[in-house]
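First comes the structure, then the notes that go with it.
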Amino acid sequence: MTARIGVVTFPGTLDDRDTQRAVRVAGAEAVPLWHRDKDLKQVDAVVLPGGFSYGDYLRAGAISRFSPVMESVIEQAKAGMPVLGICNGFQVLTETHLLPGAMLRNNHLHFICRDQKLRVETNSTAWTADYEAGQEISIPLKNIDGRYVADERTLDLLEAEGRVAFRYLDVNPNGSLRDIAGITNEAGNVVGLMPHPEHAVEPLVGTGRTDGLGFFTSILKNLVGAR
Amino acid sequence: MARVVVDVMLKPEILDPQGQAVQRALPRLGFQGISDVRQGKRFELEVDGPVDDAALARIHELAETFLANTVIEDFVVKVEEPAVEAK
Amino acid sequence: MTLDTVKHAEQTPEAGQPWADLGLKPDEYERIREILGRRPTGAELAMYSVMWSEHCSYKSSKVHLKQFGEKVPENDAMLVGIGENAGVVDVGQGYAVTFKVESHNHPSYIEPYQGAATGVGGIVRDILAMGARPVAVVDPLRFGAADHPDTKRVLPGVVAGIGGYGNCLGLPNIGGEVVFDPCYQGNPLVNAGCIGVMKHEDIHLAKASGTGNKVILYGARTGGDGIGGVSVLASETFESTGPAKRPAVQVGDPFQEKLLIECTLEIFREKLVAGIQDLGGAGLSCATSELASAGSGGMRVDLDTVPLRDSSLSPEEILMSESQERMCAVVEPDKVDRFMEICEKWDVIATVIGEVTEGERLEIFWHGEQIVDVPPRTVAHEGPVYHRPYERPSWQDALQADDANKLARPADATELKEQILKLVASPNQASKAWITDQYDRFVQGNTILAQPEDAGMVRVDEESNLGVAMATDGNGRYAKLDPYAGAQLALAESYRNVAASGAKPLAISNCLNFGSPEDPDVMWQFAEATRGLADGCLQLGTPVTGGNVSLYNQTGETAIHPTPVVAVLGVIDDVTRRTPIAFKEEGQLLYLLGETRAEFGGSAWSQVVHDHLGGLPPKVDLERERLLAEILISASRDGMIDAAHDLSDGGLVQAVVESCLRGNTGARLVVPDGLDAFTFLLSESAGRAVVSVPRSEELRFTDMCGARGLPVTRIGVVDGTAVEVQGQFTLSLDELRAAHAETIPGLFA
Amino acid sequence: MARVVVDVMLKPEILDPQGQAVQRALPRLGFQGISDVRQGKRFELEVDGPVDDAALARIHELAETFLANTVIEDFVVKVEEPAVEAK
């Protein structure tokens, strides 16, 4: 039996079908989860995909955070279930305070879509085990509210605890503090990042790279290995 | 130095999807009794010199030509009282 | 104010009515009275005026558009032709594709962000209404001079609006155009196109049939925005104020539209609708009259059941409101409950507002009193038709006589190099990445090619790798010199772009942007362009599946260049065979396909170096275009070429520079015998492309071209870190990249 | 029915590129003497019942948990005077 990975759809979620595809390409089973359902259908892990849930109105992720499905996700995440937030999903995770800091409008104020180089700073999370620490990957970035901010103390703490999971290389595309592209919680089960690994799993589409596949194979290995 | 505030709101007849989204979320958060929400922008301008009529007229012009799009938005210019509002 | 009911209208035949303010002409008002046998009610007048406006009735253009339905090429791919929300073509394996381009020019000038955003929203709903999942958008744009202060207001707003809406919908933006010319100063062109995919059996049509079926309005509430937008904005110049006491600009809510898309697709999946129509220009007036007109039977609507955002709206205003993100469906009574459930699931408001009736009248009631009683065809399909006078402009001969071949050419290689660098950096030729990077091109995970490739391409089927491609083109400068040839050149370029990507061109849509039809010069341009396009489509075998006309793009006496924008849709059986533009492999051979003549009329060189527009545009040879396309497609399918780039404005050198920058490799070029360096590099002769051929394929490739009679010239090799033209000059990639990349951010960032 | 306004501004230490963009544009528009611009949000809530202390407390909570993200934003709740500000 392979791992069951839940993919949440909020109203306005865009990359849910793409994320399901990435989960399948990695060899796991994708389980659609609906924002109104508290039931997580016995999944082993959850991905909060990208998009503009609730139109990103008020603040990105601010309204979705209060959905029934998030009640369960928060509870399970605290109990150790792996949760990955991609882009809008990352924004939701900061709004729920499962991850510290907040996401703000890009410093240049524009939506930006580009092939972005990152460094995977740590492979001791549930979602990065298949990478080498320090490995450089390129995956698409596309957002308008991608500027990561937190107060100095939080940033220092994140660095000290090795919880900066991904850093932008070459260009900082949005003014994120300390070039932070993604972070993890202390336990390493909850990870959020702005760029989109699910858009870099097939050589044919998008940028033609498959650098993002490691997220999904990591979790698969992690879960199947743990059984 | 003084602070002038320009509030810019969508005209009442214009759709305000943001305000609407906020309002629709309220019952779910357990808030009743708010019949309408509109979301607009607030600009806080720190003005160097005295805020006399001439300065206000200029800021009014700034609001009209730049801060607001009067095709769809209304605006109000206010001089902020030096005393800080209680939170 | 008392309600102007049908009864009241009968009793007060002589009551004065503001028909002129609503944009109706005296004879049009008379005709309405004749049709009804009485004076219209206020609500009827509102409906007729908006539906008989230029924008909705095509009254000036209809007589010319007819040709698209008459000169139809043999093409068994057509499933649904002109007349529906969008045409549909068969792309094989049981899939059908629907696509269309529309304009949102005037609103985008007044409020660039919202104007452009709602333009995207409108075209996406058209595609959705055909039963298809929208899979990609494109945005052909035209602005005034790049350095004009007002362009700094309009362009960033338009781009942010298209991105803001399209990105939030989750539709990859895979193509479009950005063109600057002073002629568009007060009249920017914001065209938007959308592609949708469905299975053959999912095709839906806009018609109301089946007595007793319910009419359901769903989506956003109706507000006072955009009232009169259609007639005032799209039909008359900005000076006329008309009846718009309400704001004529609509605000879009892409989040609501995303819900509408998912909700509608789920409704389609369960086969719950008998007919469906989006609400766009003219709102409910259009949707109800078109549905009723196209179906059998009549329709009864209780207008007071329409959910409102603003309770002060009058019935006339509700009928005319252009509030966005609404759809209208005709549903059998026993399916209504399930329909409502799905709407509830997606947080979409849905309301039964009426039903299909026996008879042939469209009847609308307001709190039980009848305010509309009309034959729907007279509103929707039998509007006025004008045969506007047209005549070849008196200045056309002089313009064509002002030959661009007489312009001073660069004196030596140094000057040639300088001019080329200037060309590459000019706003029209410069990289548009600053703009297109504001659009999501990856979402949905099926994007095979996107900007700056020749054509956008998306995968349709993950198993078989079936895909579709689209390109849009339209060179207003060529069309100004000769509208007949200009329209064919737009078609040819777009067709060539699709073929260069490896896809086979199937069918086209268009957006015809012109000045005032009341000016015989403009009307001649329009007549010539439509004739040229129809003839061209017949010859190339690519039928016109639909399109859009935007007139009155002019300020005072000055019209924009005639700008027919053509969108060609192509199909590719296996997207792994697609051809990108990038030169990647060092040592590969570069071949120029087609013939190069000294053709500089309307060229980018004549504009950038001499600020000149005169002479004749490049010669059109559609048979040659077809042959070139066949060669490009076979070569890509059989792995004979690794890159291809079509040649258009800016000529060969522009294409080579783009392919080099894209692949981050250099090229060494040799001027072929019989051509001077200037003509070789800068001529804009049509029917050409440059390809990169692996050495192992050289013979097979040149043999194929030779056997089929396509001129093929070896012009160089992929090599190094510069573009070098032997005996002329060398431009390093760094230098070229800086020139190419910095212009647009320099102007707008 | 009464109107309660919630003003939400980024905390002073957080970079506000929107405000900066406005400020940078000022000289181009011919405006001098404005030393700082900050851009925030203004919410207008139409409250059904009386705006008593209990209602205000609830709105304060709403602002704190929902309308503002206090990691990055400050907010102020005000009851709008019935009299309309002159434009």
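Lettered A, B, C and D in written order, each chain numbered from 1.
What we mean here is this: contacts are C-beta pairs under 8 Å (C-beta built on N, C-alpha and C of every residue); 3 or more make two chains touch, one makes a residue touch a chain.
Because the structure is predicted, anything quoted here is derived from the model rather than measured.
**Student:** Tell me, which chains sit next to both chain B and chain C?
**Tutor:** A
**Student:** Please work out which of A-C and A-B is bridged by more C-beta pairs in contact, and write that pair.
**Tutor:** The comparison resolves to A-C.
**Student:** How many Å are there between the centre of chain A and the centre of chain B, using C-alpha atoms for each centre?
**Tutor:** 35
**Student:** Hey, how far is the Cα centre of chain C from the one of chain D, in Å?
**Tutor:** Centre-to-centre distance between chain C and chain D: 41 Å.
**Student:** What's the distance between the Cα centroids of chain A and chain D, rounded to whole Å?
**Tutor:** 31
**Student:** Could you list which residues of chain D touch at least two other chains?
**Tutor:** 66-67
**Student:** Hey, what residues on chain C touch two or more of the other chains?
**Tutor:** 253, 255-256, 347
**Student:** Counting only residues that touch at least 2 other chains, which ones in chain A make the list?
**Tutor:** Touching at least two other chains: 54-55, 57-58, 66, 108.
**Student:** So which chains actually touch one another? I want all the pairs, not just one.
**Tutor:** A-B, A-C, A-D, B-C, B-D
**Student:** Under the stated contact criterion, what part of chain B meets chain D in this complex?
**Tutor:** 1, 7-9, 19, 22, 25-26, 29, 31, 33-49, 55, 58, 62, 65-67, 74-78, 85, 87
**Student:** Show me the residue ranges of chain A that touch chain C in the complex, using the header's touch definition.
**Tutor:** Result: residues 11-12, 14-15, 17-18, 21-22, 51-52, 54-57, 108, 110-114, 140, 142, 144, 196, 198-199, 202, 204-207 of chain A touch chain C.
**Student:** What part of chain D is in contact with chain A in the complex they form?
**Tutor:** 10, 13-15, 17-18, 21, 66-67, 69, 71-72
**Student:** List the residues on chain A that touch chain D in their complex, please.
**Tutor:** Chain A residues touching chain D: 58-59, 62, 66, 94-95, 100-102, 104-109, 147, 149-151, 175.
**Student:** Per the contact definition, I'd like the list of chain C residues that touch chain B in the complex.
**Tutor:** Residues 110-111, 114, 220, 223-225, 246-247, 249-251, 253, 255-256, 309-310, 323-324, 347 of chain C touch chain B in their complex.
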